[in-house]
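Structures follow.
Shared between the two complexes below is subunit A, which pairs with subunit B and subunit C, respectively.
After this line comes the complex of A and B, so read on.
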């Protein structure tokens, strides 16, 4: 072979090799970055960063768990005895309270006397717990001590029932309501979309004439190309008022509305994949069925659907995957209440919607920011699971044909 | 008994069958031979209206089975196909168990009597000379069987609905010689109960199994006579050329 040709072929081969390597590495790096940022949450303290909790040195309590801090500030624990101290009522002290005790003159022009005054307050009261910024915090002395801080635990993240990322002193990063919200919305979306999508797929592949098929199939695939924010807008202006009116609800932004929108969005995927699966049923099997006196319907539900079964389940799983990861439309119509949902007609918040809504206001590198990254990791793992399942099923399908 | 009068059949603008009239007697084996694309399979598939599933086709002429025009509006195609069974070129068992394959035809015809069903399964598998090989593994997948066994299972499946006519579209073309000879023996033994029409590429096979043979070429029925006469002393030169292997 011509040496120039050989070299140029080598060169092109090298470019392809390079580009595939670069792509793989970039993807890997993104995943590593995601997990690295997310895992940082477990090494950040439970108390909001930049702040500390201070006690009087006469108080025998020296550390408090995450739950205890939360219960103290929620007023559920009001005596030091409960957390191992003396029998004294707990007095909560927040930074702002100092301004109602001392006038601005007493605190100095640039608040230079602030630490001193705070020191005074804590020294005076043995039952106090003060939540103060480090900047003005009193020096640790024989009268004032800072509570040693724990880090946020995996348990609190995975099993926590409250997502309150901006409460003080301890923000709550419990993802249970978000996961439940995501799964609820996605599950019902697939419940609405699968029967409908399967019906359409059967119609297109088995019943419609080729003329109708040529019109309907591209039309449905066009649906997949509509940007999700447009679906969200449609949901917000059309579906939300309808759900509100029909269900006689106070707000129309509910999990149900989200499910409807997601169902519409998952339909093209479900229809086109299951239609392909149905059409892949060999003609020989259909003919065998017809030749035995089966009608078209009998052939469809006794031969075609069982044969396409794994293709249909792949369609369902990919539909779920799409629904779980969908952000914009859901953000717009579900109302975003980060509470554990008790019915379909309540506001819920999904994982992707949380990330999109909160990332802008989470300070970079802070616990909230890391928690959002960790949510991204959870979402990644969930969708990864679904992809693996669908891959497994379609492998089984291809071995069935062979 | 099958009788056709002046059959013309078109795929779009292409005429696949040209004014074919022939009569196939009950309880005989009729073989259709001819080069590829001569229309013999198309003709066979008219008898159970299998061509109905193909779009853009047209038929003129009459096709009578037991003196009933099967293309008349009052005829239900699924009823017709119960009476006229079919075995295809490649074994095409359903991806179900052996038992379910045989009972499929009964089930779609609304038969639920379990005792009758299991009797029919044994009878049809016995008629298809498969019973002894599969009686202990009826619940296994039909795909676990060899190609020849699968084809006999397809025959059993067709027999289960008690047809009177059995159409076979090159039933042994995908099989090895031993399986082929088993299918041929089977055709012999089924002749007493069924009217059999078989399409084949293999002229020795036509000579071995059939009573009458029709030779097709370019959509026309060139010659139709007793098999012995056709192979020993054909009337037409084209037939002579084909069976001696000069083309085809």
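After this line comes the complex of A and C, so read on.
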């Protein structure tokens, strides 16, 4: 062989090798980055970083839980008795309130008198709870005490039932409603899409004439090319009112609407992959079936579908993967209420929608930011599980056939 | 990493300097974005030698860009937070605040809703989940469906501060990614209630008269009431810049505050400061 040709072949080989290596490294780096950012959450304190809660020293309360803090600041708990203190009305104090009590001059040019004034306020009122930055907080030795500095726990993240990332003083990062929302929407999406998609695939590959196939197949593949935000817009303006009217519901933005939109979006994936699988059934198998006197339907049902089983399962799982990761369309039609769903006709909030909607304003490096990254990790793990399952199924199937 | 960031910023700054000495960057709130964009275009027509680039991203994004020096003006739909101000001061700078326009928030309901007025306390009850049926506030027997904006929006924060008095929204409240989506959803849901910027009001939804004095007077959200400060849910829109950059941004800021600039404010749908 011509040496120049050989060198150029080596060179091309090298380029291919390089590109595959670069791709793997990039993917690995993304995963590492995701987990590194996400894990930081567990070293963030419960109370917004840089801030602490302070009480008057005469107050016997020494510890407040996550939910108690939230209920106090929401006005649901208004007496210290409820949390184990004296029978006194709770007085809320936020840092910004100091600026309405004292003028900027009184606080000094560089706020050097601020701790003193804050101390004054807290000492004066025995029933106060103050939310202050550490930097200006009165020193511990004075008449105040600081409460709850512990970190956010893994349990609270994984088992928490409330997702309220921007509440002050203590944000709640409970992902249970988000995970359940995501799984509910995706599960029903696939439940709607799989029978329909399979039906279409069987029709295209087995029943339709080649003329019809030539029209339908590109049309379906076109469906995959529509941007998801367009699906979302369609869902919001068309599907939502329909669902609301037909179901006679108070709101149309429900998990059901989300599932419908996702089902439509997952259809092209399911149809084209399962259709390929069906068409790959060898002619010899079909002919054998016909030779035994089977009808066309019997052949499809007993020979073609079992043979294409692994392809069909792959289609279903890829469809689920598409549904779980879908962001924009779901963001627009599910209403995004972060509650644990009790029925299909309630608003849900999915993980991708949460990330998309909140990352823009989450202060970089803060607890909220890290929580969103951790959500990304959770999403990654869920889709990884589905990929492993699909791999396993197709291996099992192919060994059976062989 | 940090070093890399610094060098990129430096190179970018250098590129900008060599290309155009007068280039100014504005970044921040999406609420202020249309106003800044319009003003930037008109400003360019007036003084062709200068260029102004405007980007959105949210009030918080703008202010952090101001801190890192990647923008000259931060546009914001909320007041700068104390710790943001502090960070700027720690870096040895001070920040200047300019109010460029006013924006009112309207509370909107479905056009068929019989309720025409609500007090702040009632609104607080509705959005914190304590009032759940329209008959509790004088309407028909219908479940209330409150719609909120996403947590990333300045509108969300402002409504929480002004109407909810810093209490948290009810957990699991429906939140939509854009003002347009709120209008769309409210217009097709009978029991719905939501809040949108005054500029976005249209006939598909009905706005509610608001009382901040426990029901003594109810005020309609319109231009006159916002200007004479009788309508309560009004927020200023801000420009922030570092005092050391004052000379660089002065001409543009002055333009926005001038009668010509304020005309754009009205065109975009906000309310002029004077």
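Annotations
The rule we apply is simple: the second predicted complex is superposed on the first by the 304 of 402 C-alpha atoms of A that agree within 3 Å, B and C clash if a C-alpha of one lies under 4 Å from a C-alpha of the other, contacts with A are read in each partner's own complex, and residues count from 1 in each chain.
Note that a residue touches a chain if its C-beta (ideal position, glycine included) is under 8 Å from a C-beta of that chain, and two chains touch if they have at least 3 such contacts.
Everything numeric here is computed off the predicted structure, so don't read it as measured data.
The wider contact with subunit A, measured as residues touched, comes from C rather than the other of subunit B and subunit C.
By the touch criterion stated above, A:178 is placed in contact with neither subunit B nor subunit C. In the superposition on chain A, A:250 makes contact with subunit C only, not with subunit B. Of the two partner chains, subunit C is the only one that A:75 touches; subunit B does not reach it. In the superposed model, A:284 makes contact with subunit B only, not with subunit C. In the overlay built on the shared chain, the residue A:307 is in contact with subunit B alone; subunit C does not reach it.
In the superposition on chain A, contact of A:294 is made with subunit B only, not with subunit C. In the superposition on chain A, A:133 makes contact with subunit C only, while subunit B stays out of contact range. Of the two partner chains placed by superposition, only subunit C is touched by A:162; subunit B is not. When the two complexes are overlaid on their common chain A, residue A:358 makes contact with subunit C while staying clear of subunit B.
By the touch criterion stated above, subunit C contacts subunit A in their complex at residues 57-61, 64, 82-83, 86, 89, 128, 142-143, 145, 150-153, 166-168, 171-177, 181, 184-185, 188-192.
Of all the residues in subunit A, the ones that touch subunit B in their complex are 209-210, 282, 284-295, 298, 302-303, 306-307, 400.
Per the touch definition, subunit A reaches subunit C in the complex via residues 50, 70, 73-75, 94-96, 110, 133, 135, 162, 164-168, 177, 236-237, 240-241, 244, 250-253, 331-332, 335-339, 347, 349, 356-364. Against subunit A, in their complex, subunit B makes its touches with residues 48, 50, 53, 55, 78-79, 81-82, 85-86, 88, 90, 92-96, 104-105, 107-109, 154, 157-158, 161.
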